[in-house]
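See below for the structure under consideration.
So that you can tell them apart, the chains are marked A, B, C and D in the order they are listed, and the count of residues begins at 1 in each.
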Amino acid sequence: MYHKSACEGFQCEQQLLESSLSQADAGLGVVERLVGWLRQRSLFVLAYGTGCGAIEMRPLMTSRFDAERFGIIGAATPRQADVLVISGYLAIKTLKRVIRSYEQMQEPKYVIALGSCTINGGMYWDSYNTIKCLDHYIPVDMYVNGCMPRPESLIEGFSALQARIGRGEPSGYQRYRDNIDWYKANQRRVLGDNMPPAYTYDWYSGGAV
Amino acid sequence: MEFSASPIWFIALPMLAAFSSPLWVRWRVLDQLLLGIPLGLLLLALGLFATVQQAPLIETIVIAPPLGIHLHLDSAALLLVALFCFAVTLVAAFLWHGATETHLRGRQPFVLILLLLAGGNGLVLTGDLFNLYVFLEIAGISAYVLTAVRDDRPALAAGLKYLIIGSVAGVFFLLAVVLIYLQTGQLNMAAVAQAFAEIPPAMQGLIAVLALIGLGIKSELFPFNFWVPDVYRGSDPAITALFSGLLVKAFLFVLVHLAVLIWIDPEIARIWLMTLGALTLMVAELAALRQDEMRRMLAYSSLGQIGLILLAFGFLHESTAAGAFFHLISHTLAKLLLFLVAALLLRRVLSLHLDALTGAGRVYPLTVGLFVVGALCILGLPPLSGFMSKLWILQGFAAAQTFWPIALILVAALIEAGYYFRWIRVLYAPAAASAVTDSKTSKTAPESWATYAPLLLLVGLMLLLGIAPFVIEGALVDAARALLDRDLLIQSVLGVAAQ
Amino acid sequence: MLHILLDSLAMIALCYVMGFLFRGFYRQFNARLQRRWGPSIWQNFYDNLKFLLKSETLIHGPMFFFGPIIIAAGAITTVLFIPFLKDSIWLQGVSAHGNLILIIYLLVVGPLGNALAVGSSGNPFGVMGVTRGLTRLMGLEVPFFLGLALVMLQHETASVQAIMAAQDSIAHWNLITNPLAFAVILLPFIASQNGSPFDVVGAPVEVYAGPRVEFGGRLLGVLMTQNMMMTVAKLVLMVDLFLGGASNIFELIAKAFALFLLTTAISATFPRLKTEQTVDFFWTVPLGVAVLGVILNVWLI
Amino acid sequence: MTTNRPLLLKLLFLAVSLTPTLTLLTWDGAWVWPLFGEFELLFQLEPLAAFFLLLLALGAPLVALPMARGTPDVPTYALFVLLLLGMQVLLLAGDFIGLFIGWEIMTWSSYLLLIRSTRATLEGAQTYILFNLASAFLLLAGLLVFYSATGDFQIAALTEASTAQRWAVFVLLGLAFLVKVGVLPLHRWIPLGYDQAPDLFSAVLAGLISKMGVYGLLLLPTLFPDALAGLAGRWLNGPTAGYGLAWIGAITAIVATFKAISQQDIKRLLAYSSIAQLGYVLTALGVGSSLAVGGAILQTLVHTLVKLLLFITFAGIILQTGQRRFNDLGHLIDRMPVAFFAVLIGIIGLAGMPPLPGFAAKYLVFVGLIDARWLLLLAAMMLSSTAAFIYCYRLIYGPFLGHANSPEARDATEAPMSYLIPQIVLMGLLVLLGIFPGWAIEIIVDPVLTALNLAPIGAPSWGELATPYGGYDGVILMTVFGSAFVIVTALFWLARGQLRRAGSPYDLSFAGEVPTADMPLHYGAGMGRELRRIPLIGWILAHTTTGIQAGLTRQTLATAGLLGGLYRRDPQTWILLAVLVLASVPTLLLLNGGNS
């Protein structure tokens, strides 16, 4: 089932991280730089209010923090969104919807995970029905830690992400595409029979139109 | 030629054949005769058209009018006589060459049908009031017995009812004749017509009312036609076809003829006749809306058409009268067709009730198709003759700038369409009723073409008259003139007497 | 031929540039009203290009793909049938072969092509949005068309160029000579721009982005492009009809901007109406004014 | 021999369906058939009738082709032939009797064709025939009044009649034709009839038979020259009598459009849309100017083509799926692409969108209304024609887009070839007329206008539609749109990035959820429900004429029952009545006599 048999568990993640970092210096042409610059100027955010972090996301659009000045604006549907923001802890029930939303976004797409819960489970480290490490299920591009992070740190996270996009660094969606079997196996482990139907992801392995 | 041209044959020949029929033993011969006699008379009538157009034929019996009895064959009478002969020929062909029920194929119906023909012809031809009464009774009695000829409970009840009401009508008419005779001392119509003006007005009114009630019952006019649905329902449809196609027409003609001839003031006659016609038309058409039995429905429809014909005759206008004659013909054609179709259906399906006939059109396409054609003709839809006759009547009214009868006729036609098309829709309903699917046909042999030949002939005639009405235009106009020209008639009858 | 090609390209380019600048201005304006800094004036350009440069686009069948293309083609056609300048051979497109009624109907091609594509996706929220859109269209077209008819009646022609030519001085602007028609048209015009009190069609959250719910990637980019072009095309049409047209490109931009400022101010002031409120509003207030205008124009004058 | 019989029958049927074409091409001169008295039928081909004969010549073979499919249904063939005969008689007739004969043959043969459908209910069939016969009898009454005024049945101007006679003729004939066209309170037979008729025959009903009403209405200007203005003077720039007609048409169009939006059945929706479309025609005829009448004629042509196309296409869909409600179809676009394009072209024509000729027709009508300064009518027409977008959208969304909602819709296949050929021909005609509106004006519309003593519209070139108010060029419009379409598509394909088709129709943005087949996703099928919240539309949709009709039927039947009650079954009552009459009449007479 595993895409790569040379590793197991945490080793795999380590390898993945290293391999993606190793590509970071890949030479970029002018066009790619321009495209990256344009992309980082405009981020449509699909804010997934899974946990208490949702309350910190509202002020982002208000006059005080005004994320719009960075080109960050909310999107209503995943089809139009570039960034998926997971705000806080993620129950297993919610995970299915998050995966669905993530897969519906059009590439290039990015994930920002808010708060400690998405990193290691946070205060829910021993809960039976929350996931502990989001990156096992969908590829996270940027963690913003804290419990909860303030809007300022959120904006900081966005800026960092923008910088990465502008530099044309490879991002999570490529990882997801390359390692779809691994991600699916992880997802299946927690979701069990509750997995979304095959048609929602089998195209990752097949060709495009 | 002189011998064959006599109008007496129209009465004498059927009567002779009827009364001498017991002399034959084998009814196979009757079969041929029943068809042959009316057919012969029809040919004779057709041959006479040219002669009569010149001058009416008058056949005096024993003594010349005004003292004696005479037969008066003018264009109007000839048209009706030809129609009657045709109707009887057709019904006879239907009865005796199709697979008819046995009770309609013996000596008894043979005698009665021929007597009916004789009576009808006599009513139209006679020029004498008492003679008229005699023919009225001949036609009446043969009709009563024909109604009951099936000899089961409903037929006998209908026959009895017909007998009672028919006799009452006879009494009324006889009273009128007696009063006329007492007042004028005359029985010859032409002579009475001359003398009628001298009777006191009150007595004139009384006589008129008596005659109107008598003939009104017989010719099925509104306040006197309550017996019709029962009788039509009780008797055999093939026989009813004759009543509706022959008998009523004869009485109606007599009524109009007497009204024109005897009543001096055409205005009053017009009011009475048109009111009666309009009432009959509207009441019958409305009442027909809720009929769920085919023969009753056809009976009401027949009443409505009679009302329409009377309305047109009653206008006492040459154009409408010609149209009325035309409508009389096309109504006879259509009603013959419809009643014969009903007879055909009755042979196969146990009941002619609306529910029992649901979906019959999908089982018997030809028979029900013929019903549709008949209905279209009655409704006055082109290209059938009913349309031309109605158009003729309507244009007559329009030319005279009288619009209320037009409105009435059109509204009545709409109501009529309401029930005829309801029947057509039910006959063609997608799901056939069980009464239709497990009908008697499965046991009996399929109908031969001989059964349908008379019906198809009727359809052909309707089409012919609907597309080319000019073929009988001359006869119709002559008939209308002959009917309405009172002076000419009196002069021709009494002129003969003077010689 | 070359002239027409160049001319057409110039018109399309002008429309596009004006479109994203105006839209950017709109966002700036709104932000300032809300005491924010707001995005840069180029933001719409970035957004549009970002979508056009998306590396993945999901479609739901051929009609879903062709729908936005039809809309874009319709928008380009509309732009080319509107004369931008008067007394000039430039920026005319093929407007000599069209007229006002044709333009009004071409403006509708967009919503209808959109409706086809959205229907093809099978997303119920999208179709809900389309229904709202068509309902709003039904509401706004009546006073809108009646107002335009008043103008056509006034000049006895349906040709935009002729109407423009007739307004030779500021005193002859239809805004001055026929203010009622302008008053009738203004609010339906905002609605046709999907402006604020009447923007229930694509209301995010409420109907999940409405008609655009399934569009993403480059198709959304195409839709945004045509939207910006249509915004400008409609503004130019209004300038032609009511503000006397423009003799040069700067005058055109100035007048269009003035008009845009007016509609923006109105949009920024009023909260959103429900669909049926929108229709009912159009059939009472602007239509009432329009009937008044008809009575004044046809019977009294 | 026996094996060939069905084929021979079908070939014969198809050959007969070409008779209108033959008549159109070969009929010249006048043919007289005597009736009675001085009346005779005169058959000649006037330009106005030739236009309608052209519609017939187009429509008859196109409907006959799919009709001839399957086992031969001889009664249907015969009735269809009769129908064609009736319509040709109607059109060729130079006098009112011939017109009426054709009218009636058309009426009853179409009724008999209608009840061959298994779906025809008693109510539907009765409504159809009674409304149509009422129309026919009104026509008869009108032509009798005409006869009483002129002494002749020839169709000619009614010049020497009194005002009362003129109004009587106008009202009676007008009502007769309006019933056929189906204006508002008299429309009920249309939704019932079109819905219940055999599917292909609905195309004839909507495309051809209803046009005979339009033909009748176009005869009115012949009877009342100067575009009805002689009847009651002028109002603004048009005839007053026409103003009334135009409002009837406009209100019909509005109400019928809203009714159409709220229908759940495809054929009923198309029926209401027919009413609405012919409402436009009526409005245009009311204006009576050259532009408006030209628009009306073009609209008639377009409506015929569109309704033939739509009804034949939907007949094919019903044939393949057995479903006819919006809720039961869906997502046929992949399985029936030709039908999809047919309906797409059809609704573009129906909605009057450029570049199809429906727009040219609407354009002429609009300009005619502006020219007549009847702006409120213009607003009313605009309302109905934009509301029409909604039902047009339902027509394409319900069956073709969205989700398949029944097993039949899930695995339907394209209709047989005999359905596809007419669809393709009609699509081609519509597109052709759309690109060359000037050609349509010159070849089709102008001869009719000339025959009606109106100024021809004319066209500078085939592609161009020109009016005093300006015009447009169909060729350029199509070129620009086509090039734009091609260029945008090309640019799209040239740009980088991949295009991916969703793996399933259920791959939707659905708030993170994964919708399943049993969810009610086919939202647009019930489109129009929320329109009820708009006061005007809610009021219109809440009211019907069904109640009036049912009430009238009930009252008539009650009267019938009452009168039927007179026909008692006991002879003594009959005799009693006779005696009573006998007793009363002389008494009355004596009383009268005593007084005088």
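Note that contacts are C-beta pairs under 8 Å (C-beta built on N, C-alpha and C of every residue); 3 or more make two chains touch, one makes a residue touch a chain.
Small disclaimer: the values here were computed from a predicted structure and weren't measured.
**Student:** Keeping to the contact definition above, tell me which chains border both subunit C and subunit D.
**Tutor:** A
**Student:** Report the pair of chains linked by the most C-beta pairs in contact.
**Tutor:** By contact count, the leading interface is C-D.
**Student:** Please identify which chain has its centre, taken as the mean of its CA atoms, farthest from the centre of subunit A.
**Tutor:** Following the centroid criterion, the farthest chain would be B.
**Student:** By CA centroids, point me to the most central chain in this structure.
**Tutor:** Chain D is the most central one.
**Student:** With centres defined as the mean C-alpha position, give me the subunit A-subunit B separation in Å.
**Tutor:** Subunit A and subunit B have C-alpha centres separated by 98 Å.
**Student:** Quick one: subunit B and subunit C, Cα centre-to-centre, how many Å?
**Tutor:** Between these chains, centre-to-centre, one finds 78 Å.
**Student:** Could you work out how far the Cα centre of subunit A sits from that of subunit D, in whole Å?
**Tutor:** For subunit A versus subunit D, the centre distance works out to 59 Å.
**Student:** Could you give the separation in Å between the centres of subunit A and subunit C, each centre being the mean of its C-alpha atoms?
**Tutor:** So the centroids are 37 Å from each other.
**Student:** Which subunit A residues reach two or more other chains?
**Tutor:** In subunit A, the residues touching two or more other chains are 77-79, 104, 209.
**Student:** Among the residues of subunit D, which ones contact at least 2 other chains?
**Tutor:** 498-501, 507, 509, 511
**Student:** What residues in subunit B touch two or more of the other chains?
**Tutor:** Within subunit B, no residue touches at least two other chains.
**Student:** On the basis of the stated criterion, which chains touch which? Give every pair.
**Tutor:** Final set of chain pairs in contact is A-C, A-D, B-D, C-D.
**Student:** Spell out the part of subunit D that touches subunit B in their complex, as residue ranges.
**Tutor:** Within the complex, subunit D contacts subunit B at residues 34-37, 39, 75, 97, 100-101, 104-105, 107-108, 111-112, 115-116, 118-120, 122, 125-126, 129-130, 133-134, 137, 140-141, 144-145, 147-148, 151, 556-557, 559-561, 563-564, 566-569, 571, 573-575, 577-578, 581-582, 585-586, 589-590, 593.
**Student:** Can you tell me which positions in subunit D touch subunit A when the two form their complex?
**Tutor:** Per the touch definition, subunit D meets subunit A at residues 498-501, 503-504, 506-507, 509, 511-514.
**Student:** Would you tell me which residues of subunit A are touching subunit C in their complex?
**Tutor:** Residues 35, 38-39, 41-42, 44, 63, 66, 68-71, 73-80, 82, 104-108, 209.
**Student:** Along subunit C, where are the residues that touch subunit A in the complex?
**Tutor:** Interface residues on subunit C, with respect to subunit A: 27, 31, 34-40, 43, 46-47, 49-50, 53-59, 204-205, 208-209, 212-217, 220.
**Student:** What residues on subunit C touch subunit D, complex-wise?
**Tutor:** 52-63, 65-66, 69-70, 72-74, 76-77, 80-81, 94, 97-102, 105-106, 108-109, 111-112, 115-116, 119-125, 127-128, 130-131, 134-135, 137-138, 141-143, 145-146, 149-150, 152-153, 156-159, 162, 208, 213-214, 217-218, 222, 275-276, 279-280, 283, 287, 290-291, 294, 297-298
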